Amino acid sequence: MDFEELIINMGPQHPSTHGVLFLQLKLDGEVVVDCQPHIGYLHRSIEKIAENRTLVQFVPFTDRLDYIASMNNNVGFCLAAEKLLGISAPPRAQYLRVIVAELNRVASHLLAIGTFAQDLGAYATPLFYALRDREKVVQIFDQLCGQRLTYDYVRVGGVSGDLPPGVDQLIRDFIAYERRMLAEYHDLLTGNVIFCARSRNIGVLSKEAAVNYGVTGTNLRASGVAWDVRKDEPYLVYDKFDFKVITGQKGDSWDRYDVRMREIEESLKIIEQALGGLPEGDPVAKVNKVFRLTGETYMRTENPRGELGFYLVGDGGPLPYRLKIRAPSFSNLSVLPYLVRGLNISDTVCVLGSLDIVMGEIDR
Amino acid sequence: MNYPWMALLFLVVKGVCILAFFAVNAMFLIWLERKVSAKIQNRLGPMVTGPHGSLQLIADTVKLLLKENIVPTEADRFVWWLAPFFVAVPTVAAFLCIPFSATWIVSDLNVGILFICSITSLCVLGVFMAGWGSNNKYSLLGGMRSAAQIISYEVPLLLSVLVVIMEAGTLSMQGIVHAQEVGWFFLKPNVLVAFLIYLISATAEVNRVPFDIPEAESELVSGYHTEYSGMKFSMFFLAEYANLFIISAVAATLFLGGWLGPWRPSAVWFLLKVYGIIGFLMWVRWTLPRVRMDQMMAFAWKILTPVSLINVLVTGWLLVIKG
Amino acid sequence: MEQTPGWVTLGKDALKPVVAFLKDGPGAFISLHCLTGVDRKEAVEVVYHLYSFEHRVMLTIKVILPNADLTIDSITPLWAAADWLEREVYDLLGVRFAGHPDLRRILNPDTWTDHPLRKDFKMAGVVPKPVK
Amino acid sequence: MFTKINDMVSGFVSILKGLAVTGKNMFRKPVTIQYPFEKPAMTARFRGLVDLYPEKCIACSQCVKICPTAALALETTTNPQTKKRAAAVFTYNGELCCFCGLCQEVCPTAAMYMNKCYEVAYYAHDDLTKIDLLKADKYAHLAPPKVKEQKT
């Protein structure tokens, strides 16, 4: 008998490739022999665009990198710019940035959990619950900056607007609400026998491999490396808050899910503390300032998906000479072929979902 | 009076009734599923066409009927065209032996339950034909998964049905219902176990979550019916919901006393039980994730089959003791 | 903790042995955090950001490649993370990494011929005027 | 999947727990609305289409300079008597706009603002790419959205 490997083209249009990812799977029966990701379907050359925009003009483009966590991108870019310019935002703006970044982390993790469950075949229900809860965050952002997805809220040297009246109460309500809802997620997914059977011991990423592949963020922590930029290289005012760095034990898909679940709780804690200690002052930054960029800097921040780095080079003019965006999903995705070799199609989808990638950031 | 003529006329009327029920029931179930899922997910569901979207099913049907029938160029035409019929026809045929009430049954075969079990198993042939004929890798994987799944779950399914047959001492559907006049079967512990096994394996048999592996949207796009559109797709769709009705109806008849109830009309009792089971299966569908292929096979062969074998043994032993 | 303010410039032949030492030596720079390139018109800088979890230090290494010879040793054998990052630098800046197992374009289509992040790349379409 | 009896039992219980969660949610109020018939109120800071009070505009072209996507184009005329500049042609390309709100922030006279229109639909491509900001009724055909009252 003659056996032949089956090559299956998963994507760019496929229900569970999280955007326009194209995976070329070589199958032996249903077992993946080789996996070749092809990326670039969403390439907009944002790094080139950055060379033709001033810092203020570029902030809206950072929204379009990791569109699930726009606030974190805003914060990361503005911090990189401020580091290069040697300025810092007023304290109130720093606190507001922490609040919005953590709120967006909660929203992003919720969506990651929802889509992961969807990839495991839980028909849309966890995803809808996640979207329902994320909607509350989105509505807070809508009041805060007037948009629901591409916020453009954080500015170089501050933020675009102060907290409108009533919004701090909305955030407090959300924290209380989300804590109640997390218990439901735990009941629905965390202990569920099918969910565990599908995700435990699937796609185990060892500590060494995770570091070697440049995996960062929740995926790295799930592998057992207690590394969080917020804790270990604090930026903004993260050193003033009390929170834990969550780690997993094995680095399997379930651990990656679990780390996200527990990080939501930590983020809620941070938001609560930041709201409590919000200093007075004017956080709003003028937008029509012209900055001269000289020298170069590298700034990384902890995004929901991993470490987002901006390598900003100036040549004395108002435009960046070069901007490299070190996208966390890019490195996180590059580990996929290593993880899925030997698993079957269902597990491939599970591993991909647990890595939580966003194509807007990978392709840039 | 020409009796053979009358008999033929009756047969035609019954056939038309069954076909009408087949279609209307499937449409109702689709609407119900959409509403149940919406409720569970804190959504509204279909609301626009008719009160609470109750006419949505008609709009959907018209849409499906008017859709273009796209045939993939590389498809195995003959197999591809035949597949939907292989799925739909056995499903309609299975309705023949379902007792809606003491008198409402098209044909009370004396091997009724055997007939239903065997004719619904034919569906797998259609599913595999669809998977093969589409000449699509996703469909092929879906078809192969389906074949493996249905064949393995047939065993615990039949073994759990066997328990009821032993208790009732008959294969006729009406006979089984009458045997429950003294007490519904699921009240007996051994039959309760059989009931659970039946529900699990029947869910697998009709490819519903958590055993919807052949369709597995997040993996195989749509599985075996990826390439189907229009009327052909709707035949798969109708058959899916008709199958759901059949397994629930069989469960209601075998374990929950069929049309038996405290007062008349008995068909209402039957439908109440059936839609209750369907509602429960929908609830399960919108809650649980999907199991993996190998896990599912292991579950069938390592857990369900041994347990149902032991159950059959225990039932036989109990019957011998009772004499 | 402050990240390193400056950088180290290495010759292109020295790069691979030096980073291999940095990785396995007492510095324990086990993480290749970022790998990128900057087009300096007459030359291309390849920039490596190495990180040591043990010492909490980020080290920036630069290798300056003249336009005439844009080749450098690949460090993919040392870090799997370098695989895609080197492909990206090749795709966007045209630097060739000798010894890379699979040096293909990663973001642009395979049929693309130019390297978009080079300063002499001709852009089509709308480019707003920079602020004076 | 199941190795021991107590695994089986706890697995069964976990499934029941999940069913309880979805069952509970079945009786919650839906969070969605029947969109085209029922519309959400826009927040006070909502950034819809770019709009202009022509009488306030001093044609300083700051908005044109700051726009990251070059969606605005302004041609000015100078009044020979008063030496005041005024906008002669002011077009807005709704297709390029990324709704970042920089133009309204940069405007010194608050002439430029973003209205609350979010249902942007045009029959002709040019209608969207060449919106004349100086015309008073430029968005007349778009439904005016509701605006949420700001709590004080």
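In this document, chain identifiers A, B, C and D correspond to the written order of the chains, with residue numbering beginning at 1 in each.
Basically, contacts are C-beta pairs under 8 Å (C-beta built on N, C-alpha and C of every residue); 3 or more make two chains touch, one makes a residue touch a chain.
In this text the structure is predicted, and so the values were computed from the model without any measurement.
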Neighbouring chains shared between chain A and chain B, ordered by label: D
Set of chains adjacent to chain B and to chain D: A
Remotest chain, chain B as reference, centres from CA atoms: C
Averaged-CA centre spacing for the pair chain D and chain A, given as whole angstrom: 24
Separation of mean Cα positions, chain D and chain C [Å, integer]: 39
Cα-centroid distance, chain B relative to chain C, in whole angstrom: 60
Touching two or more other chains - residue numbers and ranges from chain B: 40-43, 286-288, 291, 295
Contacts with 2+ other chains: residues of chain D: 1-2, 15, 18, 21-22, 25, 31, 66-68
Sequence positions of chain A contacting 2 or more other chains: 53, 57, 125, 129, 132, 188-189, 192, 194, 197
Touching residues (chain side chain B, partner chain A) in the complex: 37, 40-43, 137-138, 141, 209-210, 212-213, 216-221, 285-295
Touch list for chain A against partner chain D, complex: 53, 56-61, 63, 125, 129, 132, 135, 142-147, 150, 152, 160-161, 164-166, 184, 187-189, 191-194, 197, 287-288
Chain A residues within the chain B interface of the complex: 6, 8, 14-16, 30, 117-125, 128-129, 132, 188-189, 192, 194-195, 197-198, 344-347, 349
Footprint of chain C on chain A - complex, ascending: 39-40, 43, 45, 47-48, 52-54, 57, 209, 211-214, 225, 227, 232-233, 290, 298, 300, 307, 309, 311, 313, 317-319, 321-322, 324, 326, 330-331, 334-335, 338, 363-364
Of chain D, residues touching chain B in the complex: 1-2, 8, 15, 18-19, 21-23, 25-26, 28-34
